[in-house]
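Shared between the two complexes below is subunit A, which has subunit B as its partner in the first and subunit C in the second.
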Partner chain A sequence: MAEHPVSLSSGAVIKSGVPGSDRNRVFRNPRPKVARRTLGQLSLIVLFLLLALVGPLVIPMSPTSQNLAGRLLPPFWLEGGSWGHPFGTDGLGRDLLARIAVGSRSSLIISVMAAAGSGLIGVTAGILAGFLGGLTDRIITMLVETLLAVPFITVGIVVTATIGQSATNLVLLLIFSGWITHARIVRLQVQSLARADFVLAASALGANRLHIATRHILPNLAPVIIVVLFQQAGSMLLWSASLTYLGIGMPVDQVTLGGIIREGQELIYTAWWVSVVGGLAIALAVAGFNLFADWLQRRIDPTLR
Partner chain B sequence: MWSGMVGNVVEDEFLIHSVPCQNHQWCPSPRAQMLASISKRIVQMILTLVLASSVIFVLIHLSGDPTQGFMPAGASPEVRDATRARLGLDDPLAEQYIRFVVNGLTGNFGDSWRDRQPALDAVLDRLPATMLLAGTSLAVAVVGGTLIGVISASSRSNLLLNAVKVIPVVGQAVPTFWLGAMLMLLFAVRLGWLPSSGNATLSALVLPALTLASQPGSIIARLISTGMRDLGRSDFARTAESKGLAAATISVRHILPNAVLPVLAYVGLQAGFLIGGAVVVESVFAWPGIGRLALQSAVQRDLPVIHAFVVVTAIGVIVINLLVDILRLVIDPRQRTPGSGVVVANG
Partner chain C sequence: MNRFTEARVNRRDLVGGAGVLGMSLAAARVTSAQAAQVASPRAEEDIASELVIDLSGPPDHLDPALTYSVLDWSIVHAVYDALIDFGEDGALVPLAAETFETDDAVTFRVKLREGMTFHDGSPVTTAAISRAVRHLQETDSQIADLFRGITEVREIDELHAEIINSEPSGWLPSQIAVWLVLFPESATPETLATKPVGAGPYIFESYEQGSSITLVRNQAYTWGSPKGTPLAERVVYRFVPESTTRIADLSTGTAHIITDVPIDQAQAIDAAGHMSVTTPILGTTFIRIATDVAPFDDPRVRQALNFGVDAQAIAEAIVGPNAIRLASFFPDPRGLGFDAALEPFAYDPDRARSLLEDAGLSDGIDAEIEIVASSRTDVVEALIAQLQDVGIRLKIVASELAAFNQGWPEPSAPPLRYATWRPMYDPHTFLSLVVDSSGFLSRFSDFDADELIRAAAVEPDSEVRAQLYQQLGVHLQEQPAGIYLWNVTASYGVNNEFASWTPRGDQYVLPLAK
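Let's look at the complex of A and B:
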């Protein structure tokens, strides 16, 4: 049995002979590529999680203590910078790295809560609309289209002008505008699933609608929901930072990424790094969430591999 | 700002929207469709305005005394009571609610609480500046995005094609306001080519418009590029090729109109985010539009102006959607031919 396996194309092989070193060689080939891609896709989110969750605990500098003698220090890679303040200091001499770590933590908490809340409401509404159809569908669709005309920013402005700013209000307003994304996507998915053969078979066998919804439709929805959840966590982070930058998100006295950039923009002629570093932290987080969502999608959906 | 996602899920959704008269044997006549679209949008507008007014009303009364936000802290109880009476805040809640919603529908928001000017006028005064900014950005995004999409789809270069695919993914991670600040840092502070703020000259429009156009433009380029690649393999493209048409004619006359349909769906869906993005960009570049007015009014709790702002922007979003509906009828002849609406395969 000394035949060599015949390689048809990359990865495909006609099995023959004993499982020996030759076969392993064929299968070993695609692995490193996958691993490298996984590493690339996961490194950003891991980096951001380290910054947000571990950073505030291990960074010795205080994010709020002011030091007017040491204000506007540049980051370490510029002339005059030092490792004492790796990213430099802001207009009041506060350490930028510590502020970014603390701001990232609050951004992370807010965006995860907002994504989870809007996911819960949106998925429920989407399933109800797609599966029940009829009047329920029309009401939910109408509500979704109505809310599409009222963007996040508008809701943020209204909330600020009436009940004022707080972390709770921010999360609630993100959920208020965010659930429609889930509802729209889930509704379309449910509608196409409801026409699938296995659903037809189940109802022909006498399964009731609740059973079909929970045992046949929901499991098939799970991949889409999970992926959209993480994509939305990134979007929520972006939106909460935008609202905070505009002064209508988190209260002004909190340490936030949006607030760091707003303060940095006032210093753009003297200390440009403040807003640059703040923006990079947001980009790291959002790109991290999106790449993680891509990676999950690839893991969950075998057709994409 | 722009709804971030450009993943498969969402692109599928645009494509689903672009299939006309799904599963119907025939399409209604164009005039009937036009009327249906207009009446649907009018109903949507009324519903949106009622909902928006209701939410604002609930929030105002959740916050306790609405006069607290804008009265000086030391105001005497008599002055406070007089103000409450003047603004009608002592009437029964149901009466106040109905008055509030009806006022929202009829454009009678009352005077701004800050300066003695009707709130609607305050918003309408600032509207042209915002429309100039948003309109320019939308034009830049659609024209520029389409051009880049067509070029990348018809070129043999994989580099360009990949760039068009990757840039929206990177772009959606970059906050609009930060991009604006970085463009300002580069072109206004470092190079000094363009003004950093205001709207005194036309050159002041360049940076805000580019900032606002960047994200939708990159997504449109990607939609056009992938759409044209897919449609290039479709039956009608092959037919056109076998007729002996030039490649450029096939691309521009046959494939492009089909590839534009998802873009229209995208623009309609994102109209709200365009206006939201305009608010952000106005704030970054000190552009004197309705967004800056609304932000100032929010901090000052000037509720009539906020109410007028919400109503005006909601109408703007719905009007954009109406225009998209009509454009779709104009571009897509499949929707205009009564009785021939069997769904044409989309790729």
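Let's look at the complex of A and C:
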């Protein structure tokens, strides 16, 4: 069967979507006048990725070595601080920069895994609901609406109380909540695409549902999915840090950004830098993911250029 | 301004304090003569209109038979009076009882104070003692067994009674001071649980679940109780889990007394012009070691755990200035069984490694340690880091408080658990529940320890009991039931307006001054 030129109509159907014919232009070189904005948008995520992926390899200090005699040393820019511990030390004399780097890495891994898992389940559910409609749509919609009514924190408490704390449990908990976002967005997009001329044409030409879903619907959903995926990675990182801060996320003996903030909270009046530095790392990550998602959306959506 | 209470204990005090408690309890006679500590009633103009106290959490129970924590007891002992109370030095002092005497630790003779009334206006009579004992025995409570040895409360008249036990129970007065509080005939299970009525210094007014409890001053409580005299006409206990919020409350005047101030935040309180108060609590901090699972059934491994931690360094750096490494479970001379001559385990990593090698564990150990999720983890992390240096690799399992408490006897729970226990004026409750192999919180099994605990339980002479517990302390160094850490300390922030507020050795936060 001949491939339908999706650019004929998809741009009009999905405002935030991408015409198929533009897909090969997604990663082309930016125009000079937007280069500076691009640099600004990408610098945060690059900085965070360097911190999370390269930091643990090159920072000479140990994130877990304790020195009770050197506890609560301030960052280098404050009186009493030194470059030996650029961000200072925590209540057990552990180097904060090293802990931030390792915490960023674990937070990054968890957020990416949770976002990917959410995407996989959510996109599948959204396509099934939007494309098949009928009873399938009603069941998935009902499930989504039911889960939306369940307080996430309560689920976290129950999960922690019943099966304990671990990275796997945290990822599963985040997926449990996160797939709903993908499912709702994708379902609406699929419902729009299903009425598009090129889909109707493919159907008229005898294409079966699987062919239409995989060859016409999914490619047009990809840009939206990718953008939501990165937005959700930031959101997942924030949630994982929040749950860990509340004591229902990562195990307490793991180095995590949420854990660093929690440890620092008790010290806020005398060693504010412990929780502030941890908070800045989370802000860097979340802003980085969001700005990257914005940049990506502009790159792949012609209506936003 | 930083203030340490008079009850502050240092190493010199500990060494010099041997036997003090033995003397205080040996007579087992608590009379009004000992009530020299009785506080004078405060002048009306000295009583503030309102006192707000920030606690770190709400009480789990208000029913006296179901109270197990200082959060519970802080409310309960503000509303109720027990027959007797703990004085600052650990000696028992009369409270609702004018005298409390025994010759054989089987029969305890009580004479109530004359003229006392409950908050509902009814008189306090010996019937209240019978009522309280019956309630403790019949309630499905963790401590009911402690009172089931009482076979009879003989009411001689309205003020005189005898509490008769089936066997010598020298430990009973300490339990009575905690749990046997007096309430009127009008009390029902529902009012005990939700709207307590006692004869204590404050009258219960209202409870906003999980948020606050409000009490008002008992105008009739002017008899110079040794517990102290009320500080304010109205007292609001607020439940504020975050220490930073509690400190902010003190700084802004929202609260006047706050509890559980982290050591590193004390200077913030001083800087704000308030008082930081630190006091040693008669409680013990330890890591319980279960002996029902290998390799912890080997005493060499348990000794290695003790030699592998520099508890004194951690205590000084993180816990507080009053924290002192303990030689066993017994915290200080105010409690029965403390032995000043018994030295704590030295920090000796080489010895720890050697003991592990002797036990055939040259590759070290991997195990889990359970903590309460809401507790500070830095202390445990510091301990874990030191144990890791000797090859003992521990993984933290954080449990919610309820799950943690249920997990004490569970064989499937982690073999190690970080815990505190208070009060320890008399160690019977702790030892019989946690260390005795038949205790329902116990996962420790040692025949000799059981023998000593049970012998002390039925020994009428307090001095002999103290000696038995001291023998137990020595034995528990050879056969450790835990990693012995430090005594419990309490730290508070206090508004200068309430500088006369007196912290207690049992950590109850009562709105009283002595």
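Everything below uses one rule, namely that the second predicted complex is superposed on the first by the 272 of 305 C-alpha atoms of A that agree within 3 Å, B and C clash if a C-alpha of one lies under 4 Å from a C-alpha of the other, contacts with A are read in each partner's own complex, and residues count from 1 in each chain.
Convention: contacts are C-beta pairs under 8 Å (C-beta built on N, C-alpha and C of every residue); 3 or more make two chains touch, one makes a residue touch a chain.
The model shown is predicted, which means the values in this text are computed figures rather than measured ones.
Q: Based on the superposed arrangement, let me know which partner A:Leu92 touches: subunit B (first), subunit C (second), both, or neither?
A: second
Q: So, does A:Gln66 touch the first partner subunit B, the second partner subunit C, both, or neither?
A: The second partner, subunit C, only.
Q: Just checking: does A:Gln265 make contact with subunit B only, subunit C only, both, or neither of them? Give me first, second, both or neither.
A: Touch partners of A:Gln265: subunit B and subunit C.
Q: Please indicate which partner A:Glu145 is in contact with in the superposed arrangement: first for subunit B, second for subunit C, both, or neither.
A: first
Q: Of subunit B and subunit C, which one touches more residues of subunit A?
A: So, of the two partners, B touches more residues of subunit A.
Q: Tell me the contact category for A:Leu173 with respect to subunit B and subunit C: first, second, both or neither.
A: A:Leu173 sits against neither subunit B nor subunit C.
Q: Name the contact category of A:Pro251: first (subunit B only), second (subunit C only), both, or neither.
A: The second partner, subunit C, only.
Q: Applying the document's definition of touch, where does A:Val199 land relative to subunit B and subunit C: first, second, both, or neither?
A: So A:Val199 meets neither subunit B nor subunit C here.
Q: Now for A:Ala161: first (subunit B), second (subunit C), both, or neither, which partner does it touch?
A: both
Q: Looking at the overlay, what does A:Arg184 touch: subunit B (first), subunit C (second), both, or neither?
A: first
Q: Subunit A residues touched by both subunit B and subunit C?
A: After superposing on chain A, subunit A residues 157, 160-161, 164, 247-248, 265, 268-269 contact both subunit B and subunit C.
Q: Enumerate the contact residues on subunit A facing subunit B in the complex.
A: Listed in rising order, the residues are 142, 145-154, 156-164, 181, 184-185, 188, 224, 227-228, 231-232, 234-235, 238-239, 241-242, 245-248, 261, 264-265, 268-269, 272, 275-276, 278-279, 282-283, 286-287, 290, 293-294, 297.
Q: Along subunit B, where are the residues that touch subunit A in the complex?
A: Residue positions touching the partner: 1, 3-5, 7-10, 12-13, 16, 44, 47-48, 51-52, 55-56, 59-60, 62-63, 66, 69, 169-170, 172-178, 181-182, 184-185, 189, 269, 271-273, 275-276, 279-280, 283-284, 291, 294-295, 297-299, 301-303, 306, 309-310, 313-314, 317-318.
Q: Touching residues of subunit C toward subunit A in the complex: what are they?
A: 242-244, 247, 262, 264-265, 267-268, 313-314, 317-318, 371, 373-374, 376-378, 381-382, 384-385, 395-398, 400, 403
Q: Sort out for me which residues of subunit A touch subunit C in the complex.
A: Per the touch definition, subunit A meets subunit C at residues 64-66, 68-69, 71-72, 91-92, 157, 160-161, 164-165, 247-248, 251-253, 263, 265-271.
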